[in-house]
């Protein structure tokens, strides 16, 4: 079993993959590519939390065996978003790292259940959570296994989908001593801005990034406009490493 | 079984009671008082969603029989906040109206479970939800049984705990045709402002209010500073009815 | 000369008129109508602060004589927005009440100049000003002659143009003791919501309202969609007085 | 006379100096230090826009000769914030670059006056301006001579003084083609975070930074807690250049 400390031995931690799994082939191709370019962890949503019930809700349980195949063939670690207490057991063999999304940041029953599990867990910040709420939620699961993820807050500023809040990331990291990664995809909402924001996060001191990436962004059913191609991911990796070493 | 339409036959709908149940005696006394002054529904939290795990987490299951006694003795309807799918069954005999809190507004697994239940449900708005997210969440449960509850949004404005967003309440009501009540307690965070904001909500067109009230606010373990006394509740009720009839 | 105390002798203070003056005829007709329905003060912008330089910038100085005619014929008081130190002298004969817009709330050179003038002044709140900034700006002019105006703040909430912040209005009024009026027009951005928000403001305790009104909203060059007709203004006045007396 | 294009020939553009001038000696020492470390432009406020009238309002006109001495002795360019139309003439000999602060971003009379002047101008973004408002304000002065400055927006997020909005900076730069610099000092409000945020801005693609710097931050009368020492400025410059070249 991987621990949070193992995960962060070779920083920056890079997590890549599509927002939502759509087919075995796409997943496998994307996984091989991002592995080659330096990613350590593969991400792909199986059960998607969607604003409206008639939107695509993810491929569900059948994606579990696709991810298991990816783990075995590529050697990548895998992380899957958990939205319900019962899914914690369901992903036990597949998900090396658990992951709680923004909408469930204060789903305390889920947090308590994850608290019983030894795996490291990524906790995305809620849409406008305070530092106290974010750290409080982390404490429900255990501060020593949590990696916080800043993904943008909803504000009166209208430039992109969300405003990336590096100030909050810095406070979580420096004042509370918890590792923090940045999600540039959801804050951007547009592909051409993802790299700029990822680099900003790393320059500010993030311990890693989580980036929506696919060999073919145009086939994505969720978050298509903010998913970067594996080619662009490769270019980004190059710059990320350079900035990290400054 | 009460339906949403029955509930709204005598508007404004008034829901009152303490934030969190603390003792049988306090609950019963408060219930008799608010009933006498015109409330139709009694509220009291049993399992409290708290930002930090070491805060008081509510009296839990043992409060269920207290609420049952209140229903029988006072004739008030009862509403209890549900935070987990399993609690839906637990409150079946007690809670005439289900209720989803702000932190669970997009806990879609919970929403789907409640969607299978015929009871009316109050859906509090998330800390900074868009209209689309709020109505989307309601749709998961069934638009014909939901009563939306505006409780203030987190903004850059610093006057009180949250900014009461009557604009959003109006859009939900007029553009989407869903009944909406206002929670003046959480937005205020201070007792002396609760009445002013409740009256504003009714004047704007809210179908009702939900107000944290106790015979003895000083003994409250949660939200003490924003809980009004039953005396003040009585004064508020008087003005609410006058404004509603203008 | 009118003083602030005189102005507030017959509350609620009601200020009405078009966003921007367009013709003598429209102004005069509108003034007669709103006077008849109970307004005490007439408003009309002459120099308009517009986001982009190629938008209509107002009729300018020539509107001064139109407003003078209105004062004389209808007996209404007049208020004109001042955007520059030099305009303070320019409006001396016409504007019984000075008025500083949101964009100039912290234009301290302008505030100091107005501070030398004895007339009462309306100070609109900036787009996201804190209470301290709003009151600080008022102090530059003299707290005993200022009437604060809440007109909505820019937030992450997307329901209407701005979020009306009655919480801030209440703090300014109760914690600082300064009179406050509400502008329901700019926060709404849509005509059908203006009345609901005006009533909410009065129910919360506002000392008055300022409402964009015209005999013919469709001819307005600025803020057309949020300007109500004088017919609707009459209906609103009826309800406003009833709520104020509850 | 320096033009905007000349200024941006050697990017990143670095502007440093104290928030507010306090004495000739401190200014001169700070100027020599930041020049040595690579700054191209010296900043120091003379007339300070303060929230409350009883706060320190700056040294005023007497600082002009101090800045003139610095220009002559160090060869640095100078920029001074202008708060009123009349100050445009007052700083003509001293200020190579004009500068409009956040509170005056929509002081259109000031913008028009500056529009008649050929000098380049820094336009700080208002506390929660939209992209359209920011670019609209720039258009009043002339898009070809403006350098936009992102300095943080006021939001519901509570981590630091303001939330640095790199998303808006990126949209201004890429969608509108206007040069943009970042002010990490005002968004941070605390010295230890200034460097992290400055590096984030440069990594995201900013054309430069403006940083509050002093040989002795502890003597500063304004913004003391966010002013970095010239030693820390030197360390920051090293990293800024490395990141800029990645």
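Labels A, B, C and D are assigned to the chains in the order they are written; within every chain, residues are numbered from 1.
Heads up, the rule we're going with is that a residue touches a chain if its C-beta (ideal position, glycine included) is under 8 Å from a C-beta of that chain, and two chains touch if they have at least 3 such contacts.
Everything quoted here is computed from the prediction, not taken from an experiment.
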Max Cα-centre separation from subunit D goes to chain B
Residue numbers at the subunit A-subunit B contact, same meaning over half shared and different meaning under half, come out as same
For the pair subunit C and subunit D, the C-alpha centroid-to-centroid distance in angstrom is 34
By the touch definition above, subunit C meets two or more other chains at residues 127-128, 130, 153-156
The residues of subunit D that touch subunit B in their complex are 127-128, 153-156
Per the touch rule above, subunit B residues touching subunit A in the complex are 49-53, 83-85, 103-104, 106-110, 126-130, 132-133, 136-137, 139-140, 154-156
Note: in the complex, subunit C contacts subunit B through residues 128, 130-131, 152-153, 155-160, 162-168, 170-171, 174, 187-188, 192-193, 196-197, 199-205, 239, 242-243, 246
